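Before anything else, here is the set of structures, which you'll find just below.
Both complexes shown next keep chain A, but they swap its partner, so chain B is in the first and chain C is in the second.
Coming up: the complex of A and B.
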C-alpha cells in the first residue's frame, strides 16, 4: 500500500478520535464540576455519593470500566452502542480525576474571599458564581489541560470495543499490509499532534481567563 | 435475562482463575515500575546536562512519550521491533512499554525533586571537592527521595491500572482472563465485576502502603551507601 493511502485511512481514524474527545470532554468537565461541588458543599449523602464516584472511577482501570459499561450494562437491559459506551466510560473516568482538580482549585481561593462575600450579603450561589469560581477557574486550567491529554490517550482504548478510531484503523491496516513501521510511526505522530494542539488551546485559555484577575504568578 | 442475577456459585468458580492471573498483573507492575524508576532517573539526570541540544532532545522525547497513548506504544513495540530483529514475549514487551511510558512521567517527578534540594548543598559538595557521582549519591539524592515518594507512588498505582492494556498483545492478565471466561460462559457480570473489585482493593492497599512508607521515611533522608 502506498504511503499516501495509509495516511488518508489513518486520518479518517483520527477524525473519529477527535469526535470522541469532543464529546467526552464536555461530559468530563460537567462531571468534574457537579461532583466537585457536591464533594465540597453537599450534605452528608451527596458528599458520600461523590466520594464513592471518585474512588470507584479512580481506583479501577479505564479499560475495565469501558468493558463493564459495554459488556455488562446490556445485561441489565440498557443496550448501548459502542460509541456511547466509549464516550460515557471515558467521560466518567476523566471526570473523576477532574473532580479533585475542581475541589483543589476552589479550596485554594483565599478564605477572606468567602468571608467578604458573606459580609457583603451575597447568597451562597452568588458568591460561588461571581467571586469564587472566576478566581478558581484560572487555577483549574493547567491541570485540566493535562487531563485533556490523558483523555486523548485514553481514547485509544475504545479501539478494543470495535470503534474505528485511530488505533483501530492502525491495527487493522497493520494486520492487512504488514507495513507496521510506517503505520504505527504515523499514528504516534498524529496522536502527538492532537495532544499538542489541545495543550496549546489550554495555554491560550489560561491566558484569556487570567486577564484582569491581577494574579502576579500567572503569565 | 440471563445475566441479571448475580450467581455466587459462578463467582467462586471463576475467582481462582482470576486470582492466578493477578500474579501476571502484579509481576508486570513490579518489573515495569523498577524499569520506570531507572528510566526516569536516567532522563532526569540527562536533562541536567550542560549541553542544550541534549537537554532539548530529552525534553521532546519525554513530551512525545507522555502525549501518545500507551496502547499504541505497546503495539509499536510488539509489531515494529521484530522488524529490527528484536522479538520479545508479550510480558517483556509490556514491561518495556510500561517502563518507558511511566519513566517519562517519573523523570519530571525526579527532576523537580532534585531541583528542590537547596542550592547550598551543591555549593557545599563543590567546596568539599566531591565528585559529581559522590555529590548525587551521598548528598543530593538522599535528600531528594522523600519529597518524591507520593508522586512516584501515584504513578506506580496508575501504571498498575494500565496493565489491562497488555491484554491487547495477548498477555493473559486479569482482564483478558475475565473476558475469556465471559465469552465462554456468556456471563460477563461476575468476572468483570470481580476484576474491578480486585483492582480497587489493590489500589487502595497500595495507596495506604505508600502513605505508610512516606510517614516512616526519615525526614533528613537516607544513606544510599
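Coming up: the complex of A and C.
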C-alpha cells in the first residue's frame, strides 16, 4: 500500500479519536467539578456518593467499565451506541481522577482568602465563584493537562468496542498490509501530535488564568 | 460620644480542643469608642476579633452587636444558634483588616475594593468605583487602582486592605495586628491612615496591636489581656504611665524599653 494511502486512512481514524476526546473532555471536567465540590461542601450523603464515584472509577479497569457500559447495560435495557458508550466511560473514568484535582486545588487556596470573603460578607457561592475558584483554577490546569493527555491515550480502548478510531484503523491496516513499521510509526506520531496540541492549549490557559497571581504560569 | 454599648460579651467561653481561651469572659465597647487590646501572644486578643467577625464560634455565653445577639437568634421565645442568614445580616455591622492583608490576588486594587460593595450591597459599578477612588485617595494610593496586589509593597497592600474594609461602611472596624507583618519602615504609612480615621471618630474601632505608642496615641481605652482575661483596662495615659497590675508593668517594661 502507498504511504500516502496509509496516512489518509489513519487520519480518518485520528479524526474519530479527536471527536471522542472533544466530547469526553468536557464530560470529565463537568464530573470533576460536580463531584469535587460535592466531596468538599456536600452534606454527608453527597460526600459519600462522591467518594463512591471516585473510588469505583479509579479502582477498576477502564476497559471493563467500557465493556460494562457497552455490553452489560443493554442486558438491563439500556442500549447505547458505541460512540456514546466510549465517551461516557472515558469521561467518567478521567472525571474521577479530576475530582481529586478540583478538591486539592480548592483546598490549597490560602485560608485567609476564605476569611476575607466571610469578612466582606460574600455568600458561600459568591465566595466560591468570585474569590476561591479563580485562584484554584490556576492550580488545576497542569494536572488537568496531564489528565487530558491520559484521556487521549485511553481512547485507544474504544477500538475494542467496534469504534473505528486511530488504533482500530491501524490494526486493521496492519492486518491487511503487514506494513507494521510505517503504520505504527504514523500512529505514534499522530497520538503525539494530538497530545501536544492539548498540552499547548493547557499551557496557554494556565498563562491566562495566572494573571496577577504571581504563581503558576510558564514564563 | 454615646454611652450605648455597641459590642457586649456576656459570660463568653471559647475553647480550642482542650485549651480554654475565654472562660466567663465579659467585655464591652461603646459606640464610636476606639479600644486597643494589648498583651502577650496567645492571650486571646486575635480570637476576640475573630469571634466578632464570625470567623470563630463560641462555646458559651452571648455576644451582642448593636443590640442584637451575634451568635444566637430569637426563635420561639428562646435563643438558638444563629443561622447563616442571621450571621450574614450581623456581618453588615462589621469590617476587618487582617494581619496578612488577605487581598484577592487575582483582582486589581480597584476590584478588590469594589467587588463586595457591588455583589453584597448591590451598589452600581459607577457608585462603587467612585467610592473606591475616594477611599484610595484617603489611603494615599490613588495611582495604584489598576495594579495587582502582588505588585505592591506590604504597606501599600495593608492600606488597600483598610480601604477594602471601609468600602463596606462597617460601623465597627476590627484591626488585627495590621502592622505585624510589615517591615519596620512601612509601619508608619499604615498607622497614619488609622490615625486620620481615628481623628474623625466616625465608627467604633477595636484594634489588636503591638505598637504601644500608637495604641496610646489613638485609643480612648486600652485593655491589657493575659490568658483570656482583661487584667487591666483604662485610659491610655493611666495604663502606660501608671499601670497597677504587676503583669501589666512587666509586659510594658519588656515592650517599651
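What we mean here is this: the second predicted complex is superposed on the first by the 213 of 219 C-alpha atoms of A that agree within 3 Å, B and C clash if a C-alpha of one lies under 4 Å from a C-alpha of the other, contacts with A are read in each partner's own complex, and residues count from 1 in each chain.
Going forward, contacts are C-beta pairs under 8 Å (C-beta built on N, C-alpha and C of every residue); 3 or more make two chains touch, one makes a residue touch a chain.
None of these values were measured; they are calculated from a predicted model.
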item	value
Chain B versus chain C as contact partner of A:134, first or second or both or neither	second
First (chain B), second (chain C), both or neither touched by A:176	neither
First, second, both or neither for A:200, with chain B first and chain C second	neither
Partner chain in contact with A:122 - chain B first, chain C second, else both or neither	second
Chain B versus chain C as contact partner of A:159, first or second or both or neither	first
Greater residue coverage of chain A in the superposed arrangement, chain B or chain C	B
Chain B versus chain C as contact partner of A:113, first or second or both or neither	second
Common ground on chain A, meaning residues reached by chain C in one complex and by chain B in the other	none
Interfacial residue positions of chain A with respect to chain B in the complex	55-56, 58-65, 67-68, 71-72, 75-77, 149, 152-157, 159-160, 167, 170-171, 174, 180-181, 184-185, 187-188, 191-192, 195-196, 199
Residue ranges of chain A touching chain C (in the complex, touch as defined)	110, 112-113, 115-116, 118-124, 126, 130-131, 134-135, 211-214
List of chain C residues in touch with chain A within their complex	53-55, 84, 88, 91-92, 94-96, 98, 100-108, 115-116, 119-120, 148-150, 164-165, 168
Chain A partner contacts - residues on chain B that touch it in the complex	1-4, 64, 66-73, 75-76, 79-80, 83, 161-165, 167-168, 175, 179, 182, 188-189, 192-193, 195-196, 199-200, 203-204
